[in-house]
Each structure stands twice: as C-alpha cells, then as structure tokens.
C-alpha cells in the first residue's frame, strides 16, 4: 500500500503490531550490536529497576518505521526525521502496537508530520513525531 | 563497560561501528515488520531516487542505542529520548560508525544529553540527540 | 576494549554472560548445521538422559570466544587454540557466564594462556584453556 | 543417522560442509555476543593482518559439533571434550568442510576419540581432537 501526498488528511491513522519475543531481542542485538545485559541476561534484568529483561527501545521504534514505510504513507515515502520518548519498558511477550497519525501537512514541500506512538495494552511506551517526504500524485 | 554520572564530562566521546550487510537488512525487517521494498526489492531500489536498495534508517539508530548502552555511559543507563534526522542513505556494504558525545550534564536529575551521529566514510548519515538517565556512584 | 600484551598480568580476569533462549539454539543450529534432535526436538530431549532439550556445547564455547575477542585481551588478539571439556548440560533459560583468566604469559612469543570456564549459577559447565596471540604496545 | 559404539571402527570418517556467508557471521555474533570488529567491520578487517573480515573460529568448530552430532557417531552421542587449533582464517564465501575420523576406541568406557579437522579448498583451517561417549547397542 502506498499513498500520495494529495491522499493524506489531518487525523488519518494507521497501525501495525507484533508480539515481542526473545528471538526479536536476540536478532535486534545482532543487527544493532546492542548487547546490553538488560536485554540478554535474565539475572541482570531481574536485578534492574524493571524486574526482568526488557526489549531494546529502538526495537519499538522499528515498528514506527514499519507503519510509515508500509501503511501510511507507505512505499515511496522518504523518512526525514523522528523523535522518540521512551516512556515505559516493553517486556518479552508484550504486544506492541505502533500508530502513525497525520498531524500537519506542508503542501509546498510535500512533507507530512505524524504523531507516532507505541502502546502495550493501551499504555503508551514510546511517543514522538516523524516527518516524511511524500511523493506527489504524478 | 559502564560509567557513573560522576564519571561523565562534557566532550567525552565513544564510537562503535559495523558493516551493513544484506543479512542485517533482512533481520531488521523481520524484527521491525518494515518490509518496505526500498530495503528488500532490488528492482524497486534501482528505480528509486537512491539507485539501489538502502538500509532502514532505524537500523543505524540501533547502533546509537548500542554505543549508549554498551560504551558511554554503558550498562545501567536508562534511555529517555532520542531525536533522529536521516541525512543520507546507508547502502549495503557501507560501514556505519555511531558516535555519542556528552553535550550537557544535569546533576540534579543525573541526566546526560549526548550528540549522537552516524557516519559513513566520514559523511553524516544520521544526526540527533539522546537524553539518558545515568546511575550515580554508590 | 582492547589490551596490549604488556597490559596483561597473571590472574587478570574478565567475564561476560547471557541467558540461553530457544532462539539461540535455533540460530546456532542454522549456522553450524548441528540439527541434532537433542537440541531441537522436545520429545527427544525429554527421553534423553538430560530430561529436556539442551543447548549445543559449542554455543557456550562461543561465549568464551566473545570474552577473549571483546574483553580480555579484546580486539587485535589472534585466537590460536582452545581446549573444551563439556562438564554439564546447559538448558533453555540458563544464564551462562564465560570467564577468561590469564594463567601464563610468554613474552618472547607475545602469547597468553587463559583458563576459560563457563558456569551456570556458579556450577562449571565448560572448562578449558585458550592460547591467544596478543599485539605488542606499538 | 546414528551409530552404536559397536558400529565404530578405527579409520571411519564422515564429513559435512557449508559456505560461510555474512549471515552466518552475523547470527554467530548474536548467539555468542562476539562482536569483535574483525568479523563485523569491513574497514577493520581490511587493515588487519588478514586483509578482510574473517569468520569466528568457533563458527567452524560448530561444524565439527554438527558432524559428530548428526553423522558420526550421530544422535545419542554425548560430547565430552574438544581441542581446537585455529590454523588459518576462514573468509566470507569460503566453503568449510568439517571431518571427523575415528582414532581410538575405548570399549570399557564406550568412548571414541576422533581427529576433527576443518578444511577450505583442501587446506587445514582448524585441527583437533574430540572425545565422545557413544551409546552401546541395546
């Protein structure tokens, strides 16, 4: 799926979600080189303030990239910037829903600003904004 | 490696790097669900403005998370926020270096602000700032 | 992190650990082609002398390689040899700690011999020795 | 496939091989936490004595574990010990053949000693010995 700048409207939303598994954490650590024991070492996780291993915050951010790149606006969009506030941990077995909502449209530059959130069971875990360059209808 | 808030000084820096391979892109797409053909479909990449497939921007952001979580300040730090500006594409075979540099220290809250960059052959590909909660020396 | 031969002293130690998950076992079997059902087939594992599936012994050996290659002596070291005695099984969910301790230094050849162990909850699961060529301070 | 102690004879051999890819190296680094840049950072590899990135030595050792665990003697065998001498580097694209050959049989303890080698294009890259406990014919 893919939208043109002209198809976008303020308030439009799309979401996508997945359950975070140990395999996600292991693969993310490989790709990122982020081998922090908070993610990979159960005893370390248990003695942390989170009480157990948690997922990398940037793993949830990857889901935001997925919503923008595959749903709204989808293929053809160019990712310009993203802000991320990590509000709460994501634990193994949590199902994360990433949502993008159109907040602002700049027709001169064909840029769209999205509020981007990740939630687990309705609770905000990541909050932020993305700016995306969107192709114009040919 | 792991540092306490009291060990940090303005201007301190750490880096970490890796070469981005097709396997990285495949695994990142698996973990993030970001199956945008710009990353996975060679013909699509060739006909894009980049002329070839590119890595997910958020994959480079993962390396920033790795510097902060394993080098500076390292284990024990809590990731509070990150801003990311995607300045240039990362292509398969590029070696990305992620660097974090201490910019501001807030002793009251034990928070450190880092300038965070990713470069390829000295050229900026991702720019931004991170705020991290750093444990105090016991 | 990285040390020169001249930085090493008898008795110096470093460790690194992780929790072994089903994903680790799956990926290790993919990389090694070791598809022995003792690792991948739950019913087979249950009817084995171990009473459940176990991790590949060589997976724990990989953690020894990680301590030597990233902590002590770290980058720049050349792995010459390793002996491994598999003393006890590692089960899914076990947290393995790999430790390397300097036992012998050969200044003529710039070689260091390490005692290398893996433990789970303080119990020895792998024991052995490594010999590593260590770069000299320039 | 699986053999009993009584099926083994001095000089018996089995082999198994695979081509080492960037994906193997990435996954092995995830499983082992061995993120040494010699394996993951192309520029670092080029400036090393090897002239390019190389595979983890323990990755080749994993293929030895595969021969023993799936071919000779196969399922049911218990891995007791392994010695490894890393003789030459394995590069991306190399096809590694791991071979195990029966060298000694201890009927009292039902233990078999194997010479275990890895070769690339006929050249020895890993050499060593394995001792395995082999089940007796029921």
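For reference, chains read A, B, C and D in written order, and residue numbers begin at 1 within each chain.
Simple rule for what comes next: a contact is a pair of C-beta atoms (placed from the backbone, for glycine too) under 8 Å apart; a residue touches a chain by one contact, two chains touch by 3 or more.
What you see is a predicted model; the values in this text were computed from it and never measured.
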| item | value |
| --- | --- |
| For chain A placed onto chain C, the superposition rotation in degrees, Cα atoms, nearest 5 | 120 |
| Distance between chain centroids, defined by C-alpha means - chain B, chain D (Å) | 35 |
| Rounded Å distance, chain B centre to chain C centre (Cα mean) | 29 |
| Computed distance of Cα centres, chain D from chain A, in Å | 40 |
| Chain B: positions in contact with at least two other chains | 18, 24, 27 |
| Topology of the chain contact graph, where touching chains are joined (line, ring, star, complete, other) | other |
| Complex contact set, residues of chain D against chain A | 26-27, 29-31, 33, 35, 40 |
| List of chain B residues in touch with chain D within their complex | 17-19, 21-24, 26-27, 93, 95 |
| Residue ranges of chain A in contact with chain C within the complex | 21-23, 26-27, 35, 37, 40-44, 53 |
| Chain A residues within the chain B interface of the complex | 16, 18, 24, 27-28, 30-38, 44, 49, 56-59, 61-66, 69-70, 75, 78-86 |
